[in-house]
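Questions regarding the structure given below will be posed in turn.
Chains here go by letter, A, B, C, D, E and F, matching the order in which they are written, and residues are numbered from 1 within each.
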Amino acid sequence: MTKLMEYAEATPEVRAVFDDIMRTRGVADVNNFWKALAAHPPTLARTWESLKAVMAPGALDPAVKEMLYLAVSITNGCSYCIASHGAAARKAGMTEEMWGELMAVVGMANETNRLAFALQVPVDPQFRTP
Amino acid sequence: MTKLMEYAEATPEVRAVFDDIMRTRGVADVNNFWKALAAHPPTLARTWESLKAVMAPGALDPAVKEMLYLAVSITNGCSYCIASHGAAARKAGMTEEMWGELMAVVGMANETNRLAFALQVPVDPQFRTP
Amino acid sequence: MTKLMEYAEATPEVRAVFDDIMRTRGVADVNNFWKALAAHPPTLARTWESLKAVMAPGALDPAVKEMLYLAVSITNGCSYCIASHGAAARKAGMTEEMWGELMAVVGMANETNRLAFALQVPVDPQFRTP
Amino acid sequence: MTKLMEYAEATPEVRAVFDDIMRTRGVADVNNFWKALAAHPPTLARTWESLKAVMAPGALDPAVKEMLYLAVSITNGCSYCIASHGAAARKAGMTEEMWGELMAVVGMANETNRLAFALQVPVDPQFRTP
Amino acid sequence: MTKLMEYAEATPEVRAVFDDIMRTRGVADVNNFWKALAAHPPTLARTWESLKAVMAPGALDPAVKEMLYLAVSITNGCSYCIASHGAAARKAGMTEEMWGELMAVVGMANETNRLAFALQVPVDPQFRTP
Amino acid sequence: MTKLMEYAEATPEVRAVFDDIMRTRGVADVNNFWKALAAHPPTLARTWESLKAVMAPGALDPAVKEMLYLAVSITNGCSYCIASHGAAARKAGMTEEMWGELMAVVGMANETNRLAFALQVPVDPQFRTP
């Protein structure tokens, strides 16, 4: 729907972000999300800076972070995000068995979230943080 | 809102589920979710059987499964589920640093899911599974 | 949070809507939703007219309509709506057994919706309407 | 996106589930959802067992259950689920007039859910279950 | 998926709504949403009457109303609605710069909504309306 | 639920963010959202930097930005966000009449989003951006 901005036609401001994405990820081109987001350069730059910081290895390893991303994207039904973060999770080490278990957990959580809503369950005292 | 069924007043059918929850988790009482769900014994039994199977250790370890559960529950805004699975994730090894990173990933995913929706980004060929 | 407009302090425009709600439902007072919505009289009037038309008996009977309302409200996690339409559904004939089954269906649907998202399942030809 | 597992290439474990689906529903082949879910046999088996139990005739008849499924699937925007459960609901007796009314109720519920959120309406005492 | 009802084949009841849409908007044909909704004439008529009233100029100008519509549609991931209200917003004066800022705000709001859920932040006294 | 970090007990890193929030907004204390988010200082700092950039006056004025924030928060049912951005929107100039119209638009958009999902309406050629 949206125009996909290719590197050749991009402004220096947009190219700088594309360059950093390619360098950080070791890829020869950026994926469509970034080409589309280039329609608004400040949002492109800010989103990339945030994503780079948030997805860097930390207390959680990159495969777990990508799987959390997938859990959210599946819950929201974002096809693009499921495809792109599915690929990223597999690259980071998610096996097909892990993917199967992830789907099962995400499905169950969406189910029991609604059972808890339906029943308006009061929080147990032991679950309240002190 | 809903009546919370205590063990003392439960039918043998409900007690059997409560017993299995307590045994499996090594706890002295079941939490409110199960006491509320006892209003419909077949759903209580089926939900517990599914949850027990899905959350058992497998290719993903229990802490990761609990964090995926949290990612979904935060996305859906389920207060009870955030409290109960937050406690379970901490018990399974989630540190405060991991919790901080989890929140950050869940927040970013909810943001970029909407940017992808807004821009109706087409899926890149390399993300399509063969 | 919002001010609840009582009949005694309402304008004639708001009172006319309140009167029609009380007459249509055979109740002595309107519930809080309408008292809160009176903050914007055109939205109060339009919402009531729409709801009255949509929830009237038709090809679907009122109990089924109230249960559909509940299924949506549970999916969205709207506590007020679960409480008010739960009461309305019971008044229209929903038994506790029906409520238990409703919860089970809503839970499953929320689960399998996510499995279908996760797997990006293509629609079967026989499900496409001609 | 995902591979669709055909009966001819399936393992005995997967074939047993496919056989039970075909027998229970009286169909000559399973629909794509199950072929995709066969990627993770334990989730395939568990999901089918749950769905079979939940959707069986009970206090709610099958047409009502399918319509509740549709209400959830529309609220979540799950295209596959709307197509497959739309077909199932029609097979179970949902007429076009009932479908029209279902859409109207689901639309209104999604609207008033947000009005209730916006106004943060407090629950009326009479809607609290004793 | 659904049949699109063309003017030539429509009943007088449906034509009257189509006529009013074309007259109000100054267009030569109605868009697909209305052609699809014509499957249920009472919902077609009611939805158009509501939409006409809600989207008319008022305290908020039409461009702002269309941008609010877009914010909701992006949050829900409704592709059709993003396309149709995106076109309407541009026609009403939304520039590409405004569209870029809108996306950024919608993205941030979806992110911080989840941070607020995750942390279960209590409402500050000064934010409670008196 | 979460601990609220007060300025007096905060680290210099957290105080620097709190100071910038208070200076930018001209307030004597930060609101609870920031006190809770201080549990993870990198997320606190990054979220504030993003929010400050996104909500600054631009092609859209601050009142419109706050109203877009409200539209998203109402759609997601985030009570805290509705309260805090409701206050911010009023401070930026949103009148009660504008608030009433905003609610009406958000309600309608949530309704018609579901009608478009239910009917799986194909996008009109004129709505596709070239």
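The rule we apply is simple: a residue touches a chain if its C-beta (ideal position, glycine included) is under 8 Å from a C-beta of that chain, and two chains touch if they have at least 3 such contacts.
Computed from a predicted model, the values in this text were never measured in an experiment.
Chemist: In this assembly, which chains make contact with chain B and also with chain E?
Modeler: A, C, D, F
Chemist: To lay chain D over its twin chain F by CA atoms, how big a turn is needed, in degrees to the nearest 5?
Modeler: C-alpha superposition angle, chain D on chain F: 180 degrees.
Chemist: Taking mean CA positions as centres, which chain lies farthest from chain D?
Modeler: It is F whose centre lies farthest from that of chain D.
Chemist: Quick check: how many Å separate the C-alpha centres of chain D and chain E?
Modeler: The answer is 27 Å.
Chemist: Would you mind pulling out the distance in Å between where the CA atoms of chain A average out and where those of chain B do?
Modeler: The mean C-alpha positions of chain A and chain B differ by 20 Å.
Chemist: Give me the residues of chain A that touch two or more other chains.
Modeler: Those would be 1-2, 39, 42-43, 46-47, 50, 54, 75-79, 83, 97, 100-101, 103-104, 106-108, 110-113, 115, 117, 119-120, 128-129.
Chemist: Note which residues of chain C are touching chain E in the complex, please.
Modeler: 1-3, 42, 46, 50, 53-54, 128-129
Chemist: State the interface residues of chain D toward chain E in the complex, per the touch definition above.
Modeler: Its residues touching chain E are 77, 83, 96-97, 99-101, 103-104, 107.
Chemist: Using the touch definition up top, name the residues of chain F that touch chain D in the complex.
Modeler: 70, 74-75, 77, 79, 82-83, 103, 106-108, 110-115, 117-120
Chemist: Looking at the complex, which residues from chain A come into contact with chain B?
Modeler: Touch residues, chain A against chain B: 1-2, 4, 31-33, 36-37, 39, 43, 47, 50-51, 54-55, 58-60, 64-65, 67-69, 71-73, 75-76, 78-81, 83-87, 95, 97-98, 100-102, 104-106, 108-113, 115-117, 119-124, 126-129.
Chemist: What residues of chain F sit close enough to touch chain B in their complex?
Modeler: Of all residues in chain F, those touching chain B are 1, 39-40, 42-43, 46-47, 76-78.
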